[in-house]
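Structures follow.
Below are two complexes that have chain A in common, paired first with chain B and then with chain C.
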Partner chain A sequence: MTAVVATNETILVVGGGISGMTAALEAAETGKRVVLVEKRPYLGGRVSQLYKYFPKLCFPTCGLEINQRRAKQNPNLTILTMAEVTGLAGDKGNYRATVKLSPRYVNANCTACGDCATAVTAQFDDEYNYGLGKRKGAYLPYRMAHPARYVLDPAIIGTPDAERAKAACRYDAIDLEMQEETIDFPCGAVIWATGWKPYDAAKIQPYGYDRFANVITSVEFERMADPTGPTGGKLVRPSDGKEAKQVAFIQCAGSRDRNHLLHCSRICCMASFKQCTYVIDAFGADARINVYYIDLRAIDRFEDFYQKVRANQNIKFIKSKPASITQDKDGSPVVHGVDTEGYQRFAEPHDLVVLAIGMEPAVDPASFPVPIVLNREGFIEAASANGGVFAAGGAADALDVNRAVQHATGAALRAIQVVNSVARAEV
Partner chain B sequence: MAAEKKLAGYICTGCGIGERLDAKQLQAVATREGKLPSVKQHPMLCGAEGVKLIQDDIDAGNATHIMIAACSRRSKVEAFSFPTVAMSRANLREGVIWSRPAGDAHQETTQEMADDYIRMAAAEIKFMTVPESSGEQELNKTLLVVGGGMTGMTAAVEAAKAGYPVHLVCDEPVLGGVWKDLYKRVPFRAAAFDVPGGNDVDLPQPEDPGLDDLIEQVMANGRITVHLNAKITKTSGAPGRFSADISVDSGRTLTENFGAIVQATDYKPYDANQLPEFAYGTTPDVLTNFEFERLAKQANGAVIKRPSDGREVKSVAFIQCAGQRSSNAGHLPYCSGFCCTESIKQAMYFKAQNPGCDATILFDDLRTPGAAGEDFYRSGQQAMVTFTKGQASAVVAADGDLRVKFKDLILNEDTEMVCDLVVLATGQVPNTGPDPYAQLAVDEAPTEEEKAAARAALAVAPPSILNLDYRQGTDLPHLKHGFVDSHFICFPYETRRTGIYAAGPVRRPMDLKQAMDDAVGATMKAIQSLENAARGSAAHPRVGDLSYPRFRKEGCTQCKRCTVECPFGAINEDEQRYPQFNESRCRRCGTCMGACPVRVISFDNYSVDTVGQQLKAVDVPDEFSEKPRILCLACENDAYPALDMAAQSGEHITPFVRVIPVRCLGSVSLSWVTDALNSGYDGIVLMGCRRDDDYQCHFVRGSAMAAERLSKVGDTLTQLNLETERVAVHEVAITDLKRAPAILNEMAETITRIGMSPFKF
Partner chain C sequence: MGELNTAMIERYRNSFLKEVEANVEEGEWVKMCMQCGVCSGSCPLGKFWEHPPQEIFMMIRAGKREAVLQSESVWMCTSCYNCIVRCPRELPITHIMHGLAHYAKRLGLVPKTNPTAKFAQMFWDNLMVKGRVNELKLGLALYFMNGFGDGIKVALKNQKLGMAMMKTGRMNPKEAFGGHAVKDLAGFHKVLKKAQELEDARIAQNGPPAGA
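Coming up: the complex of A and B.
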């Protein structure tokens, strides 16, 4: 049985992506007890799946390394992975949280040596790579995963693969009898940092994401650009593996759209500019890029980066929300629409189309454990009716990483205000 | 304190270490050469039994300084957590067996590598002590908030809610700052969730700015002391013990002590006199967005009249990006982020009063991000505000009308519109003090000419806000365009002056909602900083580290390198020009230690000796052995993890390299380089983080400082009659899984080419 030491002065953080990690670490480093609950088997969330950050073009794993080190060393922080909050009873300052822990089938003895992965044979779509590659049935989700502990896919339990994994482990780390368990513990305040999910691109019917192999999403392109990703960092057409030198980026794919997400997802313009640099870095003068946009939203200091990208002659910016995508006989996606600056019709073939996909809040109102104030787009609004539950990062708005971190830092203070008043902390 | 040192070594033989390496030999090296009186082996040291083996020795008083030879110091951190003892770790898994191919042909050199790592860790542990804070700390829970605008007031209120007293210093006679002229504010929320009637009902409208309410909260809060008409004339000290002189108009100055500081001085409106092309200054009917807001506030819902003749405004044009997003002289290169929604709000003032009023927003890119932003844009469209994609080039006043000339970007033609009033959407200029490095540039300039240039640059700098009594200048360092900031992606609040946090538009341009949100985060960091200072613990990124720079005053030559190079301006100079370290300002990067030419600065758990003794402990074979030795000093934040992960992915490295992690390349003492060369190392590779404008150094300037220092190593090599290729400095990122090993392998090839060092003994 997993034991969690907690009181009503403990802060519960739900979600271990960049926002949840930040909120948890900032509170823990202020001396508060924190329990961090993450659904995936590892921390880092979507940030761990990014190749580079805009506008510095630096690597998310660099900051993640620091955050993971902070997490490993902090005695105030308890991390539960493969865990989901299923219930929250009580009020601000006095909650009781129920958490469901899914079996990992690997215990703390794991040294991450990798022998179990070598031993098993079955392969599965790799969710870390958005299904672009395969992983084994015993796997470390990605190289820098924290906790650095392997996971067995539940699908291999009861198959010979499970026995092979167990036999290969020299440290008695594989426990095939591990069961789902439900625990509960008290907490005074809750930080809800479940982040966002990419909008389902298949719903944007005219763009043919589900029909054309060479129409992919921005999050998939990010995995493709990563040298440790499914293509080894090569930018290729999924249909035939040929180099993708002529690339279209379609902005507001699912965002600012009455049929899809109403809101502007904020990050997509900058993310596409960043991804333009991947294409330029890969193919130099041979790169041909078209960016189709409604408005280019390089807010505040990000303008510098936009101007730098804009200066590249191989990148064209076309004010247009494309009407549709078709496929020509070579499997090249053809983007159709009207350039509204001058009203010219176009039908442009490309090697690859990248949909700058919108951010949908990963907040499910139906299963939310307490009544919560949401806005029309489904993000959590700050409201006193939410009691001691405070949203952080992508659960509160479409935010880029630095704004999510900023927001999550503030959420930590909101939670501390509650637990300090519980403790009657006097000056 | 001065209890007897009990050294103990623990060797793990798990994860293939026992199969790939001769554990008896490792044990013998640890005992005989490492001189560890107790050395134990375990097949799975990180398991409960292995950990207990170590803990029992500690509990029995048999181990005060432990050497763990197992996996990388990045692995199994939670298992190998023994906070009461000093600990070194020999990286036999990632560093040796995973970095080397298996097989007899490689066995000898791989074993030698492991033997050396045992020698090194055994040498290191002898020079480490468990850090203890100086014991001089006290908890001071009071915050100083500088700036009486909405940002500063929010910081004060939120800190008070958490139980922390605040002194709020406002340089004006009333609170509110740049926000006090707001008639209404851009709505803080997106449209509500469950409203019947579809997506277009109940869209957010301009709302009460909330200023009076916030002022009331501030004034009524017993934990908040407000100083009006006040300025900070001097700030000294460090987190936990800041002292600030607050001077008020009457000439009175009071001195208060604080635990931490929030600077929330907001922005200054852009000076539109630099926009003559838009007829600003030639007719009162061309206003900035800031001026127009005052006009709207005065009208207070009544008809908005033209300043020139009092005629009701029936048509108005808003020119977006006025003096912004432009490389022209006097313009702001950045986007101020708040002006699009601000103009929509102002256009809606007209529409609310007279739906027939023609309100047009001329924009290039309309930037209304997020849920609330886009909802408000739709709200503006619903109110029939006209949005025209066009670039304004001129405003001409003629016959009582204003003609706005612009290029219509949709119709792709030059055209013009006639209107009664023009509002220029001008930007925010950060209200920050002078950049301390502009101040230091005057001191540091080598020639009179350069000094004069530095002085001229400083002459146009804004007046100081904090008046820090710091060796490195009076205010927070700037990052770009006058905004203060550092690691603005991962760690946006980490300013380069510990315990002083910037909030709101001093960090980046932003609207009111963001500024108020930002104040909450900055207040969080300020509270954390004073709590950590009270514990003697470092601030980010080494929270929990109780070590601090210790200094042997007798040896100090008052050369000032440490006070100049500290990336955080933590070190002052006393009257005799000796350094004063201000431990709670220190971030423990060790740049001062690396800067010190006479090696008098050290940390309990990291010093010239802890590294120097490691490199001396390595067995250096003779010149004819064909076994060169390469020293690699790798930044523990990026390069060292990259090497670990390279090993994890099966990349191999030369068996002749010995890698020592350092806190920051800035902490590298040149003595390590010269010692290594003198002890017969054949090559030295230094790996630090990127150091240009887009720096990735976690200590901001550490890597850059190191590179500057090391640029002079060539002279040392020449003096020693050695080839300059023997020392190489590289920027290495955490993702360089192929490149980092390749750099080491290239150095091995270089040595093969140029030959072994003649300095072997």
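Coming up: the complex of A and C.
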């Protein structure tokens, strides 16, 4: 049985992505007791799935490593992975949280040696790579996963693969008898940091994401660029594996559209400029890039990055929201539309089309454990009616990493204020 | 008609956008266009338009009154609704195009040779007589729209189709002599007269100043 030490001066953080990690660490480092609950088997969330950050083009692994070290060193922080909050009762300063823990089938003895993964045979779509690659039924979610502990896919339990994994383990780390458990504990304030999810590209019917192999999303392209990703860092066409030198980026794919997401997702312009540099880095003078946009939103220091990308002769900016995508006989996606600067019609073939997909809030009002105030875009509003529940990062707005971290620090302060008032009341 | 046009120019001296908002069906939506171009790219007849919808909206804002109201483009819309479904701001583009065409017609600015406008008039005139469209007469009128010689040519080309339609009862040659009417023809004309009065009152309210 998993035991959690908590009081109503404890802060519960829901979601272990960059925002949840930040909020949890900032609060724990002020001396508050924090329980961090993460649905996935590891921390880091979508940031761990990025190849590089904009605008400095540095690697997220660096910041994640620092945060993981902070997490390991802090005695005030309890991390629960494969865990979901299913209930929250009470009020600001006096909540009781119910958390469902899914079985990992691997205990703390695990040294991440990987013998179990070698032993098993069944393969599954790798969610870490957005299904672009496969993973085994016994797996480490990604190379830097924290906790650095393997996971057994529940689908192999009861199959010979499970026995093979258990037999291969030299540390007695595999426990096939592990069961789902539900625990509950008190907390005074809750930081809700469940982040965002990529908008379902198949819903943008004219772009044919579900029909054309060579139309992919920006998050998938990010995995493709990563040397540890499903293609080993090669930018290729999913249909035939040929190099993707002519790439189209379609901005506002699902964002700023009353048929899809109402809001501007804020990150997509810069994300596409960043991904332009991946194509240039890979193919140099052979790269041919078209960026289709309504208008470009790169503010403050991002402006310099935009100017640098814009200066590259191999990157063309076309002011047009494409109307549709078709596929030619070679499987190349053809982008159709009308250029707003001159009203010229175009039908441009590319090797690969990348949809700069919008950020949809990962907040489900139907299953939210307490009544919550959402804005019309579906993000959590900073409303006093939310009591001691404070949104952080992508659950509150479409934010880039930098702003999400700032927002999470603010949320940590809000939560600290609540548990401090609880502490004073008890003195 | 010329008078109404002069009066409108006078009234909305510097703002064609305001004129469109006040007088064109769904005209108040024009300012919501963000010039993304999805409508133009989605139009199946797009390549035949001199000015695609997105450009029409920009021209309205730029005050290009004559160019918009005299353009053939607003008559190109076939009401397929592709643009409306895809518009990220849900502009009723199809309705605005028809609204502009209708407004141009009211002002007497429709290009004289525009075939869609000509056909629309022909359809209306045909319908007015009996309260029902006389397809035989409308079809023949359409054949001879561009002159007698051309009409004979088109008629001969479609001879087989015409015969087949007669055989299956889809077309009745007797319709050439008068043709059948709605049950209450006088009532039908009364309804239209009332509608015209209401429309005139609406125009007087929105449109030219009294006495113009």
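Note that in this section the second predicted complex is superposed on the first by the 424 of 427 C-alpha atoms of A that agree within 3 Å, B and C clash if a C-alpha of one lies under 4 Å from a C-alpha of the other, contacts with A are read in each partner's own complex, and residues count from 1 in each chain.
Going forward, a residue touches a chain if its C-beta (ideal position, glycine included) is under 8 Å from a C-beta of that chain, and two chains touch if they have at least 3 such contacts.
Quick caveat: nothing in here was measured; it's all calculated off a predicted structure.
Asks: Overlaying on chain A: chain B and chain C, fit or clash?
Replies: Pair status: fit.
Asks: Go through the superposed model and pick first if A:Ile66 touches only chain B, second if only chain C, both, or neither.
Replies: After superposing on A, A:Ile66 lies in contact with chain B but is clear of chain C.
Asks: Of the two partners chain B and chain C, indicate the one touching more residues belonging to chain A.
Replies: B
Asks: Please indicate which partner A:Ala323 is in contact with in the superposed arrangement: first for chain B, second for chain C, both, or neither.
Replies: The answer is second: A:Ala323 touches chain C but not chain B.
Asks: With both complexes overlaid on chain A, does A:Asp175 touch chain B (first), chain C (second), both or neither?
Replies: Neither partner.
Asks: Just to be sure I read the superposition right, which of the two partners does A:Thr228 touch: chain B = first, chain C = second, or both, or neither?
Replies: In the superposed model, A:Thr228 contacts chain B only, not chain C.
Asks: A:Pro206 in the overlay: touching chain B, chain C, both, or neither? Say first, second, both or neither.
Replies: second
Asks: Classify the contacts of A:Asp184 with the two partner chains as first (chain B alone), second (chain C alone), both, or neither.
Replies: In the superposed model, A:Asp184 contacts neither chain B nor chain C.
Asks: Which partner chains sit in contact with A:Asn402 here, chain B, chain C, both or neither? Use first/second/both/neither.
Replies: So A:Asn402 only meets chain B here.
Asks: For A:Thr340 in the superposed arrangement: first (chain B), second (chain C), both or neither?
Replies: both
Asks: Using the touch definition from the top, say if A:Asn259 reaches chain B (first), chain C (second), both or neither.
Replies: After superposing on A, A:Asn259 lies in contact with chain C but is clear of chain B.
Asks: Pick out the closest CA atoms of chain B and chain C after fitting on chain A and give their distance in Å.
Replies: Least C-alpha distance after superposition: 5 Å.
Asks: Which parts of chain A are touched by chain B and by chain C alike?
Replies: The overlap between the chain B and chain C interfaces on chain A comprises residues 256, 258, 319, 340, 343.
Asks: How about chain B: which of its residues touch chain A in the complex?
Replies: Answer in residue numbers: 14-16, 44, 46-47, 71, 74-79, 81, 141, 158, 161-165, 189-193, 195, 199, 223, 325, 333-337, 365-375, 378, 389, 409-412, 480-481, 483, 487-493, 508-510, 514, 517-518, 520-521, 523-525, 527-528, 531-532, 535, 540-541, 543-544, 637-638, 641, 645, 648-649, 689-690, 694, 696, 698, 733-735, 737-738.
Asks: Which residues of chain A touch chain B in their complex?
Replies: Those residues of chain A that touch chain B are 26, 29-31, 53, 56-59, 61-63, 65-67, 69-70, 72-74, 108-109, 111-113, 143-144, 148, 170-171, 227-228, 256, 258, 262-264, 266, 295-304, 307, 319, 340-343, 365, 373-379, 381, 397-399, 401-403, 405-407, 409-410, 412-414, 416-417, 420-421, 425-427.
Asks: Provide the residue numbers of chain A that touch chain C in the complex, in ascending order.
Replies: The touching residues are 206, 252, 256-260, 294, 319-324, 336-340, 343, 345.
Asks: Enumerate the contact residues on chain C facing chain A in the complex.
Replies: Those residues of chain C that touch chain A are 34-42, 46-47, 51-52, 54-55, 85-90.
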